[in-house]
Amino acid sequence: MIKVAIVGGTGYTGVELLRLLINHPQVQIQTITSRTEAGKNVTDLFPNLRGYLDLKFTKPENLTANDIVFFATPNGIAMQNTPSLLADGVKVIDLAADFRIKDVTIWEKWYGMTHNCPDLLEEAVYGLPELNRAKIAQAHLVANPGCYPTAVLLGFLPLIEAGIIDLDDLIADVKSGVSGAGRKANISTLMSEAGESFKAYNVAGHRHWPEICQNLNIIAGKQVDLTFVPHLLPMIRGIEATLYSKTLRSITEIQDIFVQHYQNEIFVDVLPLNSYPETRNVRGANTCQLAIHQSNNRLVILSVIDNLVKGAAGQAIQNMNIMSGLPENTGLTNVALTP
Amino acid sequence: MIKVAIVGGTGYTGVELLRLLINHPQVQIQTITSRTEAGKNVTDLFPNLRGYLDLKFTKPENLTANDIVFFATPNGIAMQNTPSLLADGVKVIDLAADFRIKDVTIWEKWYGMTHNCPDLLEEAVYGLPELNRAKIAQAHLVANPGCYPTAVLLGFLPLIEAGIIDLDDLIADVKSGVSGAGRKANISTLMSEAGESFKAYNVAGHRHWPEICQNLNIIAGKQVDLTFVPHLLPMIRGIEATLYSKTLRSITEIQDIFVQHYQNEIFVDVLPLNSYPETRNVRGANTCQLAIHQSNNRLVILSVIDNLVKGAAGQAIQNMNIMSGLPENTGLTNVALTP
Amino acid sequence: MIKVAIVGGTGYTGVELLRLLINHPQVQIQTITSRTEAGKNVTDLFPNLRGYLDLKFTKPENLTANDIVFFATPNGIAMQNTPSLLADGVKVIDLAADFRIKDVTIWEKWYGMTHNCPDLLEEAVYGLPELNRAKIAQAHLVANPGCYPTAVLLGFLPLIEAGIIDLDDLIADVKSGVSGAGRKANISTLMSEAGESFKAYNVAGHRHWPEICQNLNIIAGKQVDLTFVPHLLPMIRGIEATLYSKTLRSITEIQDIFVQHYQNEIFVDVLPLNSYPETRNVRGANTCQLAIHQSNNRLVILSVIDNLVKGAAGQAIQNMNIMSGLPENTGLTNVALTP
Amino acid sequence: MIKVAIVGGTGYTGVELLRLLINHPQVQIQTITSRTEAGKNVTDLFPNLRGYLDLKFTKPENLTANDIVFFATPNGIAMQNTPSLLADGVKVIDLAADFRIKDVTIWEKWYGMTHNCPDLLEEAVYGLPELNRAKIAQAHLVANPGCYPTAVLLGFLPLIEAGIIDLDDLIADVKSGVSGAGRKANISTLMSEAGESFKAYNVAGHRHWPEICQNLNIIAGKQVDLTFVPHLLPMIRGIEATLYSKTLRSITEIQDIFVQHYQNEIFVDVLPLNSYPETRNVRGANTCQLAIHQSNNRLVILSVIDNLVKGAAGQAIQNMNIMSGLPENTGLTNVALTP
């Protein structure tokens, strides 16, 4: 059994980790921490877990008795605890952004704080299994990807690896449900504000943009040019990315390239031509559904994930499985909830 | 392995049976029927099942090779096929209403058709495990309860069995998400009609009222008097029942009675005093959450279920487990999806 | 022109007052106050008002230049400013609860603070025009009713005045959209928490219960017995009240009583028998729609309002019109937004 | 008073015309037709209009007694009646697509039927006032624009007229609420299907694409190259268009161009730099809100409208006002409903 701790267990990625880990056959959840809720039953906060989990929140201490520690904390927390955990032989999976950006200058600019262990950035593996599986298997520190980056990278990956699109002309028009904003008391994500309405936000700059660019650049081996516009959807779970690029290949060639690229990937599902992925197809599941389309002279890739699963907790468990030598879908076989 | 067929697999109870049975360790889904979709891949209609199910819809023929047949059909279909299936030794679980009412006159009045096998009504077991577990274990024909009846009966059951409420004064104010109306092309359940709005409906008479009354009467051993008002919620899944009755007992006594009554029930969860069950606590799960309250001089019981799970497909599988001698929660351990 | 000020203009009742007053032909909006937003354009906060309002938020000072001051503030604010405003000849309409309860002991118990001008409670008129029109016309201080009380009182009023229901046996099962919780940063009304879910709350005691009881008692001339259970709907605007009572009269008699009672009321619409009011029928409008039903042996009254209009800002303007000798629907003739 | 008829009054554009025309001071609604509902009170179908409209649906006959006839019918109906109405001196505003496309070959290809009065296509004026105001003022036949075209054209118009963007590189990523699909019994727009989910649709070809292209080409005086991807939002009202193009101008220059271009337009509101238009800002109002942004090296224009108002009924009334010599905003001054 893998002994795990979740640091910062009061947010949506925390409860989602719990939901999935509870039924993981090789995991023992030992510790869930929360400074503010310490001493309280986890099920008081998350009554959907009643009957499945008999644990109290504790303060974030004594984490070294675990094999793996998940950080489901705000940005800037994991980096404070990771060095000592790694020193004690504990593996770390950070669901926040502390170790996603290799260039500390860029990280500090976008996240507005000083990094306290920049030396670990090189060692940290960007935890997109479909890109970095081998490295993840050897990793002690995994930076779990952001939700938008997961949806966008999986959509562009086969195209860039195949070298068949114009890298100076990429657009990602992305849309997320409000759970992506977390379980924080903000006016802007009240149901009265975010319900029955739709808007773009952070067009001038979103923290996921440099994260995506970094990885696109690595894949391409050169600088790509990405326009990235996020939007807020009046719903809870789900991300859809509509990706625009230019190619000389036909749509059936592109379809073949995608099918072949992802043929061994259990969590990436390339739909048949003329299909439209809906976010509900993957609600609660660790799947990314992709579809290939063409509009006018442009290639259009549609990509959907559940932002809390493949975009956060599910992918973190997928990484844990890889790091632990388990079948990649262990504990991740639940079917999406539709309707 | 239990070989099962689902007749009428294109509605929401059909796809929900599939979602749950796919991960049931003792079940082999052999057949899914649909007259209109015969020949089509099930996953073309329900892409959330992609990767988990490789089956085509077939016409409803040759069902005798199964151990159990689930009818997820409109009312009036199961009764046409059940006699021959039973004769061939196949067990039947009807998720529609054909066998829920013992008195054929009442059934024919409320359902507006002639019953074609009224002799089976006596044999059919009303499939509420918390009420009829022993009979279900021996049954060949189970009438799976309606969604509202499940929520209401589980809330009144301990009170009536304990004989501590005024049976002439019961009120059930119930609310359901729109998935309860099924996957049918109706204007009234369009998102533009049912979204962002709330209304009562069928106050003068809803088919679930005689179903609830029949069972309350059986439990009470006398005629009870139930006022029943259904409402339509602007959401997809979930039923909440707010139940009003009069008692001389204190609320702590009532709480004790409920806790004791359901102490061995894995799918009925009595919340601590002062708790408020939310439908999302049980989204996708087979659980009924109950809470005991008092307002003014009345006892108020709050009951929530997922109408498609404990109110339909999940309870059907719970019944199948009981009929098959399996642990009751086999294949039903998935945790509710929150948020 | 009536010169008006709105104190506390940053909440939902504030913006709703603005939306309606902007098109009121006899009103000049002079002042909108907000301590936190003073100096900011109102349209920066509420871009739906762009092009219709050229005003900045100011600190709550110099209110005496107005004819009428609306308080759209949290409870406990209006009572601090009302005495001096009245002394200066300014009329006050409080949309909060400071002057709704006549008995200061009850008020202080439910609102958890000391009332600082209890002597005004007697003078304050409870601003339900359908109950107190004549007094409102003479009033200098109007306590605008709560949203639930408006929906419930309009439903019970004809029955109690006619003396034809059992006053010891009233139940109000009420449901509200989340805008009723206001524009405050709370986790519980985030879209991720309140969306796609439904729950009861405050069963043991809600502040609107004593408010309703006070008025039912006054109408009845004796103590009535009301059970009151509020619920939170996964939508933004709208309240539905399902009211249960016992009567010996037939449903057609009751229908006649309602039609006659409200025949001259422009904002109360008694639907024909067998109708179901939906909250969307009154979205954005100052109308209360009522329908009479029977279930089993009980009378069931269905009542819907828009909580922000007839349940708050619209009713406040209706009161202003009455206090100012204007036709009651001046500025309130916009049609409900459906779908 | 302008005497008007609405042909096909049972859909969402029909009821929206009624909602707005009821309060239009210069309009008398004489006739509302529906073959299926003839003889029924309009308020039976649309109870939000109770108290404001005392009319029955009639069969579509005797329309010549009107000054203006609005067609709120499915595509292909208006063209059957328009020639005789025009001959009788009645003006026609078609809210469907019969007269939007000048080239009958293109129209017949996209709409899959034979046009029965192609000679009128030249005479018909495309009713986007911000583009064709002078022609509309003289028109007898107005083709009211589609909802997506309205949002997209208003966003691109100033850029193309100024000649400052690359016309070979336009992308419109557009999103619509479900009311855009109309009041028709379809499974795909049931709340259980379209709620809490998001998807692209019709990427390969949507009928609004040739409509937009035709007008962009006219404005540009040459062939433009537009990629157009529509999506379905889990909400009722509202369209958002995110428009991508390339320009050498700075964002402040672009902002100035937009402000100047639309300075006299009462229904187009250019937000200050760094603003994000939300669809709720214009819910129920005839306004288009625009904002100028930049992402990476691309210009991003954000455009929101209410698809049923500026995208349909409101714009039709705006056109009627222009055709009738009335101030353009007569009857269109209601403020958007937020929240």
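First chain written, first letter: the chains are A, B, C and D, and each begins at residue 1.
By our rule, contacts are C-beta pairs under 8 Å (C-beta built on N, C-alpha and C of every residue); 3 or more make two chains touch, one makes a residue touch a chain.
It should be emphasised that the depicted structure is a prediction, and the values quoted were computed from it without experimental measurement.
Undergrad: Give the chains in contact with both chain A and chain D, ordered by label.
TA: Touches both chain A and chain D: B, C.
Undergrad: Using C-alpha centres only, name the chain that sits farthest from chain C.
TA: Here the answer is chain A, farthest from chain C.
Undergrad: Roughly how many whole angstrom separate the Cα centroids of chain C and chain D?
TA: It comes to 36 Å between the two C-alpha centres.
Undergrad: What whole-number Å value describes the gap between the mean CA coordinates of chain B and chain D?
TA: Centres of chain B and chain D (C-alpha means) sit 45 Å apart.
Undergrad: Could you work out how far the Cα centre of chain B sits from that of chain C, in whole Å?
TA: Chain centroid spacing, chain B to chain C, equals 39 Å.
Undergrad: Provide the list of chain C residues touching at least two other chains, using ranges where the numbers run on.
TA: 12, 179, 183, 192-193, 195-196, 234-237, 277-278, 280, 283, 339
Undergrad: Where on chain A is chain D touching in the complex?
TA: Answer in residue numbers: 171, 173, 175, 177, 192-193, 195-201, 203-204, 225-229, 231, 233-238, 240, 242, 244, 274, 276-280, 283, 293-298, 300, 302, 304, 339.
Undergrad: Under the touch definition given earlier, write down the residues of chain A that touch chain B in their complex.
TA: 12, 15, 19, 22-23, 46-52, 179, 183, 195-196, 236-237, 266, 269, 271, 275, 277-278, 280-285, 287, 289, 333-339
Undergrad: In the complex, go through chain B and note every residue touching chain D.
TA: 12, 177-179, 181, 183-187, 189-196, 234-236
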